Amino acid sequence: MNKTFQRIFAKAKSENKSCFVGFVTGMDPDYESSKQILIELSKYCSVLEIGVSFNTSTSDSSIIMSANDRAIKSGAKTEKIFQLIKDVKREITSDTAFVTMGYLNQIHVYGIDRYIEDCKKSGVDGCIVVDSNNEAPEDDQIFKGLTKNDMAFIKLIAPTNDSNYIKQSLKKCSSWVYIVSYAGVTGSKDVNLNNVKKLSKMIRKQSKIPIGVGFGIKSLDDVKKVSKLADLVVCGSSIVEKIKEGSQNGLSNKNLAQFVGEYVKQIAKGIE
Amino acid sequence: MNKTFQRIFAKAKSENKSCFVGFVTGMDPDYESSKQILIELSKYCSVLEIGVSFNTSTSDSSIIMSANDRAIKSGAKTEKIFQLIKDVKREITSDTAFVTMGYLNQIHVYGIDRYIEDCKKSGVDGCIVVDSNNEAPEDDQIFKGLTKNDMAFIKLIAPTNDSNYIKQSLKKCSSWVYIVSYAGVTGSKDVNLNNVKKLSKMIRKQSKIPIGVGFGIKSLDDVKKVSKLADLVVCGSSIVEKIKEGSQNGLSNKNLAQFVGEYVKQIAKGIE
Amino acid sequence: MKIPPFKEHNPPDNLGYWTNKKTGEKYGGQYISPLLIPNLKKVETGFKKAMKNEKFLADLEEQLVNHIGIVTPILRSKELEEIAGGEKKIGKIFLKRTDLHHDSSHKPVSAFSSVFFAKHILKAKKIITETGASMNARAVASACAKLNLSCEVHIGALDAEKVSLNKDITELYGADIKVCHDSTKSLLPAMAAALRSWQSDPTAMYVVGSVCGPHPYPLMVRTFASIIGRIAKKQMRDLIGKSPSTVFAVCGGGSNLSAISYPFYNEKNVDIFGIESAGKGIASGAHAATITSKAPIGILLGARSNVLMDADGQVDPSETEASGLDFSGTGPEICYMASTGRIKFRATTDKEAQETFLMMCKKTGILPAIEACYVIHAALKEIKKRKNPKENHLIHLCGSGESNVARMLKYKKDNE
Amino acid sequence: MKIPPFKEHNPPDNLGYWTNKKTGEKYGGQYISPLLIPNLKKVETGFKKAMKNEKFLADLEEQLVNHIGIVTPILRSKELEEIAGGEKKIGKIFLKRTDLHHDSSHKPVSAFSSVFFAKHILKAKKIITETGASMNARAVASACAKLNLSCEVHIGALDAEKVSLNKDITELYGADIKVCHDSTKSLLPAMAAALRSWQSDPTAMYVVGSVCGPHPYPLMVRTFASIIGRIAKKQMRDLIGKSPSTVFAVCGGGSNLSAISYPFYNEKNVDIFGIESAGKGIASGAHAATITSKAPIGILLGARSNVLMDADGQVDPSETEASGLDFSGTGPEICYMASTGRIKFRATTDKEAQETFLMMCKKTGILPAIEACYVIHAALKEIKKRKNPKENHLIHLCGSGESNVARMLKYKKDNE
């Protein structure tokens, strides 16, 4: 398991709490604002998940797609996201884990080995690659590269996946596994606790790996409920919506960061 | 041969002249104006050819079609045309022959026998039925009816008709035959004298019947030239155009009649 | 597929008349200015020659098969059977899919044949035709483009102003479009204008858009078009081992009706139905239902036939949503067949046809020409009434509705 | 006509890859969120089952024959031979007339097959698809109407605003049209939106408009579509006693190219050409010529294939007059066949295609889809170059141009 996650999980365990994961699209709405947002969010999040924009992603909701559009418009590129992470890490003191979230095409074009190297260099602790098929050669290459470099490969598991698929995925998950609470796109429905329970059970049969849950978590209450079931509670679309709201109201940089931070602070309180 | 035509031809012969035939659409642009025009034209025309409007005629030029439209708009119906002829004849003293020109559908709907009867009653001397096929049963019926009632059946012969067709047509022509000077529609081209000569020759081989010539005669000069070759010189479209011109300039009734009459008077001078 | 050769079994007499023996009434003939008589004789003689010219017929068939795509399928429509009450109640319903032809209707068959005839038999260099909704113009212009003849199309000024996919395609095919400002500025004066233009140019050939006009046009067009029915009859034999119990086709001028039904004229067991447009309703007077409304005999465009007209013989304009049916007459042979009762007539209102259009799109995945919707509606009604599970019904789906889309989508939205 | 059965002769591996043995490069695969993996597995298993299900295959074929009208003619075009230099110089030119299909293009073949498969094998109640120019949407919506499935179509907001005959027809067929405001508001985000929608509704089935998407879509679509080529191959045998020397097809996603050429993959003597849109010229960057412009390998919409994209992997929008070719990728099997050199690629500019459109209308009386004009232009050029009187050339005329009429008439008038 990745060292940062090890520490984070240990701390959480000691506090008998789960971990809060905040997602933003890197460079949404611009480099500097995004940097300030991440710095601000690091106060409330054990894990920061940073989206690497792809303009033709096949699994993001319209909310995330718009964030991607804003980020790309403000110059988001894979290497800039690494820069962003480095810049953020330089300014924070908290023991926060950094995870990139993106699609395989970006990584493939960047070069898989180069991507992993740069992850390492910028202090990334793990990667989510939404469309990386367990059986694809690229997936093996990523898995090996991340493992070798002590970074986590975080796989998504959906309520519709069968036990065989889950088994395959778990094999490549070292730090935690990400449960998608419903079959749909991020932010489109409410978190589905039944699905979470069912999936957790299936996973627990095979592994003790920490479980993160995402999709549809947008209120203090959601966080509370999921917190009871999961080791990590991932909140994405609703944060991204706040970024949009704030920046539409003319906020940027630290002002925007504070506006978004306020929201995250509130819901992160649900962590139990 | 119809009596009126007999007298007209005899007079023309005695003067060594041909006869001028003026065409107008009955009731163009309205009943009263048309009546005045015919009365006025009777001063210069040996024969008045009166069009019975059909809104779907297959052989009239746009000039005549518009005249038909004007006439129909002002209420032209077959029986009104008979009324018109009667009214005109009541007011003139000249020995003018009256010919109706129209399409078979009107006559068919009116009733062929009734049509002939009403021709007779209103003092018509002959009929042109543009689309009455020599071989059609209706054609026979019209021929018989007209002949019995001493009226002329005036057949059209075109430059493209063969000698067999001419023969058939002449069989049913008692007073005169109408040569179409070119293959086309009335008013669309200049009168074609070569065609006239050729056709006259063909007709002369078979018959001594007087020959009328029409299509494209619109100037004093045209009248002069055709006058040399034909027994009757038919002028239509250019008169109809004058009616349109005059009435577009706000003339009607006697004023319009005078305006049109002036024109006819000028060109009718070409009769030699 | 080996296409059965043409057989004449309803010939007109030498002058182009079909005579009803009971009433003595004549239909057809050649009522035209002497200026056109020689042109017609040339077509008449040429047509007789053509029908005996094996090479011409084979070449034409080859082009119809490979260019027009005349061997279209016959589709059994279980969806329509369901709507009519189910196979067990009403039997089987088959659609002859001439909507799949090149240029999307039955029209290109006679149009192409006529132009092919003009080129190879008459050696004409130019074609003259008229159009209303431009379905015929499109088909004729296409044939002229392929066969390298020039093409002159007469269209009424009002029709020319309407947005029309088919008119635009006619232009792309290179036709010279002459706008006609006479009279009602619609199809009838455009037909008259086309005939007049032919009068001026005897080396050209006139092509008519339906089984109308002076002899030999009605005869020639239905003879050319009947290849549709010859193929359909053979296909029905292959499908069900016999001829269908009924044949349904819409009737404007009558070309698509004769196209499919002609080969069944002699089969007494086959009921033939022609469907007219009742427009806003026969009683309203705003319709195109010449036969159903019992229009009197007149002499229109060179032939005796039933004609919508007033008491003085002025031709009344027809009124219908289907521009392809917007015609005040009906072909003479069809009028004759109506007078003998061999072809039975029904009429469908515009509203019924429009609803049928929407139903066809939603239930069968077929975009029919609005013209075809008149027949589908009437056929379903008749089939329900017959209620005979042993019957096989053949409906002529005579065109595809691309050019009706804008109006029909508006209708749909207005009526939702 | 007895249609030759499908034979697999270019199978991908179990994971859906075609691997170029020389370069080791893989094409295809299944790169998709885990949420869609079960949906794809269902399609994969279903498709394998379907291809062994004789009754399914027979029923599907019956519908394709009688409803889609898949036995379209092959037309020998002497007009095009003339333009290319005459039969004596360049041999014979044949056009496969899939423009005569129901809904006027090759698309309905795979669209109908996919929906038929969804209904009968997967027992789906709903279809999800995406569209650019709505040719695919129209075909899918038609199939859904006929087969009584609900139909959800994703379309980019910019495409939705364009006046589009096909979009209107899609609506008439009853599809539920979802406008997508993401990213470029065009086909690519609409495809992504369709996939996302499927993610939310695993009981539905996703239908793709070309030989693209994650495994098994490229395999399934080309297998269904290849009935076009199987028929064409048989027809060529009947016509000339052998296979053609060349096969030409346009290539957007690649469905019409694989549709006609797949059955010839194993015939070394048949040269296969795929024609792309060079838009305003490859050098300009404004084009849709993925292969010809040597676009790098990327992972687009679930598969490895050549993709127009920038140095960071953001997909570049394609640009072309032909909305049916307006796509930044190419199907994986086609990319593979391009990489081995089995299919040769050429590209035609928009201007050349537009001129070809006008030429086709005026000289052949055919209104081609603008997409088809890219291949006709390139084929004539290639045929002239080959200059071999013994050759027989087969060109896939893959669609009819009704939806291009307005723009093309404007082009004609602007350039007169």
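Going in written order, the chains are labelled A, B, C and D, and every chain counts its residues from 1.
The rule we apply is simple: a contact is a pair of C-beta atoms (placed from the backbone, for glycine too) under 8 Å apart; a residue touches a chain by one contact, two chains touch by 3 or more.
Note that the structure is a prediction, hence the values are computed from the model and not measured.
Student: Could you name all chains that are in contact with chain A and with chain C at the same time?
Tutor: Output, common partners of chain A and chain C: D.
Student: Relative to chain A, which chain has the most distant C-alpha mean position?
Tutor: That would be chain B.
Student: Averaging only over C-alpha atoms, locate the centres of chain A and chain D and give their separation in whole Å.
Tutor: 38
Student: With chain centres taken as the means of their Cα atoms, state the distance from chain A to chain B in Å.
Tutor: 97
Student: Could you pull out the residues of chain D that touch at least 2 other chains?
Tutor: none
Student: Identify all positions of chain B at which a residue touches two or more other chains, and write them in rising order.
Tutor: none
Student: If you connect every pair of chains that touch, what shape comes out? Choose line, ring, star, complete or other.
Tutor: line
Student: Please give all chain pairs that are in touch with each other.
Tutor: Going through each pair of chains, those in contact are A-D, B-C, C-D.
Student: In the complex of these two chains, what residues of chain C are touching chain D?
Tutor: Per the touch definition, chain C meets chain D at residues 65-67, 69, 71-76, 79, 97, 99-103, 141-148, 165, 168-169, 171-174, 358, 361-367, 402, 405-406, 408-409, 412.
Student: Which chain B residues qualify as touching chain C in the complex?
Tutor: Going by the criterion above, the answer is residues 53-62, 65-66, 68-69, 72, 77-78, 103-106, 108-110, 130-133, 135-138, 155-158, 160-162, 165, 169, 180, 183-185, 188-189.
Student: Over in the complex, which chain C residues touch chain B? Could you list them?
Tutor: Interface residues on the chain C side: 15, 26, 29-39, 181-184, 188-189, 191-192, 195-196, 199-202, 296-302, 307, 309, 311-315.
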